[in-house]
């Protein structure tokens, strides 16, 4: 098994290489000219041309790619076309806030989501089930921007308990954005836990355990819960991957200086080096998280074999 | 069970947050924009330029209505042919780092711009030679007459940075701006905020607040909420659609300032029906501008009553194109398009522009001009417009929702890139391929002198001539709407979309 | 034994109708489909007719859900919008699900190189932010509803693949499948008869959730200028268009929001019923 994981780790490198090519091609295929966007809406043509030259945008694409990769391999992600600041610094600056928000959102949404899902499964068909369902579906179907603005109106403007928006490192600033972000994730977690639980509860070993007179709570938490975890963990991994990319909507509504908003700003002006670096980072997140998820599978259910 | 465990955590979170956000002498300025640079010579956006203007100053500058005023220069003079401009500098001024401000400091800055390597290098493009006459006098000698040169010197792209700091930081000056202004640089956390502090040694009237923090808050609803909760003292823009909410709140002043952003509909004059001036005039009669302003723009605009907005230099008011469907239909009939024709409506996808385009489509349908809307993000939009070429055998029949803000504040930059034959894409922004000999000549005439009287006459004629030829469907000029707590005085929006915080003051 | 309970459909129906909420949901969905099909006869007004004088009127007897910014009847727009939102939601998720499930099954079952290829490709797809994909799709195909379908399908695929692969990995090792293997069942038979049904419950749950998500995704895409171009009365686009007026004219967000909410809710409940009915283990 160790061999399998080492192999997987090594596999990340070619994946990232492929991603780098895709990301590069993709970003350059987007319609729009970064030089034009950098120069401003009332740009004069000489400035645009000067920028095109300086940014190397007039070189053939393969040349641009190899120049770029050459730098990346030496640890230089280039400079943001928009701000002229090093992309590495710009991303590092925004990684913290996004990570902070993602963890907070994920933490409470997984706790509540899994709890609600398990309750719904155990009390299948009863009012607890319907309540948990209704609440969780609400989480998916209320648009985030709406929820965010409603929370701001209530807790920040009307009650005055919490800051409206922004991030300066205070815990209080985290409350509203993480609730908005987590609502959707909690809903997804609840739905998944519910279905995973129901599947497991039908398995024979549960009935066997019950027949043997094992206490119901032990049946639930020890036998059922553990086995229901696999799809739930897949989902947690996926959701975390998405959250690490930064939520565009939540970061915009709450003026959160994270990666999601950065990406939107970069797309708007076609900031190639930033977009490429972000795509590499996002891909790395997913490849890495999926690797961890697969490892967790193996820990939970050692019977899964890897060829 | 889990809830029991979570509850104390949540309570703790609520306790840690302090409910009171009493305003000290720090002002929070929330805007929809993000600072992109603090290097004036390499800044292309108005917002960053305005932040720079709090710390750095130019030889000349603009007041809120874009009138040119001297700042670091005492006075200036020019020759009859608009090829030589001489500036007398103020004496006894020091940069924040103690370096004296003098002709040498100006030389270093102008030389840097003239390398052609920066986004605002174009401002110095007309310059052939820069001369230091004495310690407090400088002279620009131009390659050819360029009457609008003083505007270039007043532009935020030509702010003067401490030569010592430039030497020390090079192009990293963006993170360490040092100037002569009433505020000094404190901190810039990219994507989060820029903070400036009061300059206790300022040469002019000193600032009345300790610091100002510029924070990007992109969502309009959240910006207004910050103002209402007292967590920001000034917001820009205040979403026009939500002005009613702000009006009901007794703590807020709403500030309205006409801008220099013109909005218009660009017809592709290469497409045969749109080449006919009668059809373009019909479009102007068929557009219900007032309704578009009221509904699509939240009322935050005034009619565009010349080809350049009122706050640009040498503006001269023209007649109006009243909303008159009968006249519009008659003109369509006269042009032989009684049954109309098909077009494509191109627009950027910002919600207000999309709304405006939807209304334009609704209104033009009444004179038979029909078509679908094609909206896209702003970079794709410009890409689309710039992809067309003159003499296209199969021109796209588009009507595009255009906008222009001439950041030099001068009539030249409000007309030449948009109407001259030399400005066809890809060179500049004459996206509708409008071409007229008389217009081209008048645009040149406006540049051949620096004498305001001569220039005014040329531009008055120019505006008169273009207006009747209807190269655009004339729409409106944006009004800047900002919100300010009543406890704050002195921050005002400027017509170019920037702001002025020199006189900021908190009162109780 | 009752004759109807022996055919596969009979068994399905018997189990399905036991879930009361799923039945209610089914009726709602039928009503929705009915509304969509007969929109021109049901809608009280022309959904495209503007009247600037009636801009943003709150709900009244003349306009039950009020009017939008151009004075159009919101109720009529919602009724017409059912056509578009349902079509976009269903088609895109069906395409995403079919492709995703197949890939997940292959990936989990065969493992090795194919698994690596499919999973890493899906990692890459995950990693590409939806907005970038959307802009690229517009660039290639031009804006339009078809492209919303394409984009949303692409967004859905990798999640289906991941979910199905996860359960396939577990099921492959179950006694049940091992037993089938030992009796010499073909690989194809094991894959489709023994494993696939077991993976479907997860996929179906996600499917029903995804319909709602797709409607919301479509709305953000409409807002980006992809897909539904104004004046098309797509629900998501209506919601996005009204966003500037939250706090001033809340009815403009409220009613399309309720339409989406109910649709998502009932598709979820319906999915629960389906899941129970399709699961061979549920009696």
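For reference, chains read A, B and C in written order, and residue numbers begin at 1 within each chain.
One rule holds in what follows: contacts are C-beta pairs under 8 Å (C-beta built on N, C-alpha and C of every residue); 3 or more make two chains touch, one makes a residue touch a chain.
Worth saying up front: this structure is predicted, and the values here are computed from it rather than measured.
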Quiz item: Counting only C-alpha atoms to place each centre, which chain is farthest from subunit A?
Solution: B
Quiz item: Out of B-C and A-B, which chain pair has the most contact pairs?
Solution: A-B
Quiz item: Roughly how many whole angstrom separate the Cα centroids of subunit A and subunit C?
Solution: 21
Quiz prompt | Whole-Å gap between the CA centroids of subunit B and subunit C | solution = 44
Exercise. Round to the nearest whole Å and give the separation of the Cα centres of subunit A and subunit B.
Key: 36
Exercise. Could you tell me which residues belong to subunit B and also touch two or more other chains?
Key: 221, 376-377, 380
Exercise. Among the residues of subunit A, pick out those that touch two or more other chains and give their numbers.
Key: 30-31, 145, 149, 153, 267
Quiz item: Hey, what residues on subunit C touch two or more of the other chains?
Solution: 135, 139, 243, 246-247
Quiz prompt | subunit C to subunit B touching residues, read off their complex | solution = 50, 52, 55, 69-70, 135, 138-139, 142-143, 223-225, 229-231, 240-241, 243-248
Quiz item: Which residues of subunit A touch subunit C in their complex?
Solution: 11, 15, 18-19, 22, 26-27, 29-31, 130, 133-134, 137-138, 140-143, 145-146, 149, 153, 188, 191-192, 194-196, 198-199, 202-203, 230-231, 234-235, 238, 241-242, 245, 248, 263-264, 267, 275, 278-279, 282-283, 285-287, 290, 297, 301, 303-307
Practice problem: Within their complex, state which residues of subunit C touch subunit A. | Solution: 21, 111-112, 116, 119-120, 123-124, 126-129, 131-132, 135-136, 139, 159, 162-163, 166-167, 169-170, 173, 201-202, 205, 209, 212-213, 216, 219, 239, 243, 246-247, 253, 257, 260-261, 264-265, 268-269, 272, 275, 279, 281-282
Quiz prompt | subunit B-facing residues of subunit A, complex | solution = 30-33, 36-47, 50-51, 54, 82-85, 89-90, 93-94, 108, 111-112, 115, 145, 148-149, 152-153, 156-157, 160-167, 170-175, 252-255, 257, 261-262, 265, 267-270
Self-check item: Residue numbers on subunit B that touch subunit C, as the complex places them
Solution: 220-221, 224, 239, 241-242, 244-245, 288, 291, 294-296, 298, 348-349, 351-352, 354-355, 357-359, 361-362, 372-377, 380
